Amino acid sequence: MAVHAQPKLDARKLRGDFPILEQQIHGKPLAYLDSAVSAQKPRQVLDALRDFYETSYGNVHRGVYTLSERATEGYEGARQKIATFVNAPSPREIVFTRNATESINLVAYAWGLPTLGAGDLVVVTELEHHSNFVPWQYIAKRTGAGFRTIRLTDAGELDLDCLEEIATEGQVKVVAANYVSNALGTVNPVERLSAWAHEQGAIMVVDAAQAAPHRRVDVQALGCDFLAFSAHKMCGPTSVGALWGRHELLAKMEPFNLGGHMIRSVGLEDTTWGDVPAKFEAGTQPIAEAVGFGAAVDYLEEVGLEAIEQHEHELVAYALERMAEVPGITQYGPLPENRAGIVSFNLDGVHPHDVSQILDYEGVAIRAGHHCCQPLMKRLGVAATNRASFYLYTIPEEIDRLVDGLHKARKVFG
Amino acid sequence: MNEFDQMYREVILDHYRNPRGHGAMDDPDAEAEGMNPLCGDEVTIFVSLAEDGETIDDVKFSGRGCAISQAATSMLTEMVKGRSAIDVATLPKEELLEEIGIPLTPIRLKCALLGLGVLKVALHRAKGTPLPEEWAGLDDEFQVR
Amino acid sequence: MAVHAQPKLDARKLRGDFPILEQQIHGKPLAYLDSAVSAQKPRQVLDALRDFYETSYGNVHRGVYTLSERATEGYEGARQKIATFVNAPSPREIVFTRNATESINLVAYAWGLPTLGAGDLVVVTELEHHSNFVPWQYIAKRTGAGFRTIRLTDAGELDLDCLEEIATEGQVKVVAANYVSNALGTVNPVERLSAWAHEQGAIMVVDAAQAAPHRRVDVQALGCDFLAFSAHKMCGPTSVGALWGRHELLAKMEPFNLGGHMIRSVGLEDTTWGDVPAKFEAGTQPIAEAVGFGAAVDYLEEVGLEAIEQHEHELVAYALERMAEVPGITQYGPLPENRAGIVSFNLDGVHPHDVSQILDYEGVAIRAGHHCCQPLMKRLGVAATNRASFYLYTIPEEIDRLVDGLHKARKVFG
Amino acid sequence: MNEFDQMYREVILDHYRNPRGHGAMDDPDAEAEGMNPLCGDEVTIFVSLAEDGETIDDVKFSGRGCAISQAATSMLTEMVKGRSAIDVATLPKEELLEEIGIPLTPIRLKCALLGLGVLKVALHRAKGTPLPEEWAGLDDEFQVR
């Protein structure tokens, strides 16, 4: 991965863009270390949203009047920005959805339901978020296809040695994997999985929910067929996400949600579908949210994806080192070299809920739970972990405060 | 001239009221029918070629629609008569838009290009050649039959 | 100015809440007469959105820290407001969706796919929006069920005389109808349809996308089983809608989208679903949008639904009367007594696109097209109509300007 | 006392470190097992009744979880011993919450009520009575087995 000679990002300066970070929690400055679950929003995105509603709001694609044209420009302009962001060959390959979860369900329902059957295999990984696990498990069950998982090594990385065996058990039709694990921060070898999927005659579905906010994602370089991500994890609004898909696949697929806008013509007997991407965008679109998504992508590009990746890499290396000082800590996941800005750990004798609660009293927000990764939790042999995750506005002092809080938790429960 | 007067300038209204080349054709050399899904506007285009099988001898159209789509198609029939089919099949849309000569928003652009799109599909079909890259998907978009 | 009754709502004052209405279009003040497609947003809603993002944003239900708790309160508080708004017996009967379209698809997929089969009938009306037509047509086709439409009288009202005949043609399993037609403004006899549906042993699905913004909707009084609506048509943000459903039906249903949050436990072999409504809210929810939706509902309640209905009734009566003056006009739809604030018409010799464009040059925004009601357009024998629609911020002068614009259009095309 | 000291006050930590009634029971008169789906915390509760078939003679629990859920369950076992089963089956949750005596956010409330929920389900099952309205769906929520 070529990191360009790009200026390092100035997290301290960028924090000024995030109004929410200015507050105190329980009398301490807020240290928001839960960006993997959702990122905070810069003024630039909030301004774009508000400005759109105050000057240009209307429905898109339908009205022959000025507001509707402005809204259409805003919405389609955002589609173009997002296409460029992931290096999609064409903006019509970008479908706006509610979130990464819906993007994946769209593929599972519209591609999977009519395509899969007995003898076919659906392959996911043990490291998946439920959103890239449960839809495939469900659709496999409904269609009679088999369901297999790529297992993990003890280092928390995919064990590709099991691929050969999986291939003997049926016709692999779809491989679904995340690019970056939300629970461990593992960066997965998506290019290799794509190549393997294609050798099997399968499609490759990439869950980029944790990758798109934090590193350069290039759908052409990854060689995948579908890629899903959410705006809210990348400084954008809630309730909008995107699915990128190869045009030839999208064009052949059945629709998913049905209704206004996605049709060409509706008759009592027969209804025909509109073109891609309209075919997949039934009903009133996430208009303002897409505009906000576009503004978020502008913001990330301005900061620089390479700079963000580098910044988080430094933070995670620092965090792993500092946290290792805490007695009774167990850390999960790979070495910093192959890892995004996420640390997952447990503290001996202190339940994650209590860790997280004690940290909240220190103004430090981290997450406790199964992180929507119950198969992984089973693999690790734990019910839950603590997780701290970083973003472009995270500063090392926040990691120091996290470590101080862990010491305090140990003292309380000592 | 303000924008309004430009869009509904006399020549547009004249083509709309008195469309040139309006009508049908028996036994055309090329023919296609399409619609703008947004508004349901429909256009059918008929082409007859000269003896050389290359020169457009006559073009006729029928259909219904807004002033822009009908006037643009009417202007189109005047523009292409006497030109070679291959020329017209690869005609840049800018040439027609210049002739129409009014500011068009993206939505009205579709209206303006309906006739040209249908004509291109008709000619490429008759020749058995694929649509140029820029127009790919057009037959789909205008539901050309 | 010819509004007859004493207005209970001061539209002129309310306009001050809507920043977008302060602008000029082509040098004329904006007259936004396309609220049926989407309503504009008051400052109160935009402030609530911004304030939420700036002070309380976090993911809901998962974090054991302050921001997440605040966000959860905001999100669940909105659910409570919306439940109260439609008089739902319990807030857990409210599912947040992207829009009314998705609410209907949820029922069609999750209830319809596993329930319907050959011999069953799905009944919709000729007056439906595509969003309450195409999903049912599609699911009927996939399951082998029959698909029937309740036809219209020439006055644009449902012809309930055909019900008896329909009932002889199969086992009616679902009746889906809109409460208020977006194309004609017809107010449909939903209570009677609910009663009939239940006599048949069918469920009743109400599309309230055009009703909820404009009149008091009471799910218990309507006697229906599901009710769908969208925030963006009721002064709320885009990308959030709601489905109300009876708990016993929701509890028995399969899920729709699958992924994070909607599960109870995920295993390699077996996955179990969460409770209602979590079961239907996969992935990160429309968090900020729900909060905005709640603020919109507060705004509407403050103005008063009865006052809104009355205001629009006066406007539509005035519009029908004034527009009848225009030579060459054809008006569609029922008498004002049975009609919401929507007028649909054609002008002889002038295509709707041209009408709408000419009006735009006068600053008047109306809609031209099939209004996502192609079956109705076929019934009316037209390809498209013009439609003007009113809301709480509409004033009679805007109708005067519409009428002036129609005269101008006639002159241009005369 | 600030909020922090309240939530982790000594009595809570003491019940967490030294849970009363911790353990299993052979041949209990009522038994149920549940979990908090949010965090995977698990609690199994065993009840033995006195000769009269009504009075709670002994309660034991096993499980794992956060300080709040474990301490609350421990306190609960002390609270209910010697009371009548019917009383406990309809015990208002406020009584337990008062005993716990710390401010609880909605999420921590679930932790605090896990043990009580499981106990109620166990008792109602043993008696064959339905759960009271206020607790309906609880068995579902805590996945009680």
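Letters A, B, C and D mark the chains as written, and numbering starts fresh at 1 in each.
Here is the rule we use: contacts are C-beta pairs under 8 Å (C-beta built on N, C-alpha and C of every residue); 3 or more make two chains touch, one makes a residue touch a chain.
These figures come from a predicted structure and were not determined experimentally.
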Seminar exercise, completed: Per the touch rule, with subunit A out of the picture the rest is one piece
Seminar exercise, completed: Expressed in whole Å, how far the mean CA point of subunit A lies from that of subunit C is 31
For this session: Give, as an integer number of Å, the spacing between the C-alpha centres of subunit D and subunit A.
Result: 38
For this session: Could you grab the centroid distance between subunit B and subunit D? Build each centroid from C-alpha atoms only and quote it in angstrom.
Result: 77
Seminar exercise, completed: Among subunit D residues, those touching two or more other chains are 38, 108
Problem set entry | subunit C: positions in contact with at least two other chains | 26, 62-64, 68, 265, 353, 357, 368-369
For this session: Select the category (line, ring, star, complete, other) that matches the graph of chains linked by touching.
Result: other
Seminar exercise, completed: Touching pairs of chains in this structure are A-B, A-C, A-D, B-C, C-D
Exercise. Touching subunit C in the complex: which residues of subunit A?
Worked result: 19-20, 23, 25-26, 30, 32, 34, 37-38, 40-41, 46, 49-50, 53-59, 62-68, 98-102, 104-105, 108-109, 129-135, 137-138, 147, 149, 230, 232, 237-240, 255, 257-263, 265-268, 271, 282-289, 353, 356-357, 359-360, 365-369, 372, 374-375, 378
Seminar exercise, completed: Touching subunit C in the complex, subunit D uses residues 37-38, 105-108, 137, 140-141, 143
Problem set entry | Residues on subunit A engaged by subunit B in the complex (per definition of touch) | 61-64, 68-69, 72-73, 264-265, 272, 274-275
Exercise. Across the complex, what residues on subunit A touch subunit D?
Worked result: 26, 351-354, 357-358, 361, 368-370, 377, 383-384, 412-413
Exercise. Considering the complex alone, what residue numbers of subunit B touch subunit C?
Worked result: 3-4, 7-8, 13, 16, 38-42, 64-68, 108, 111
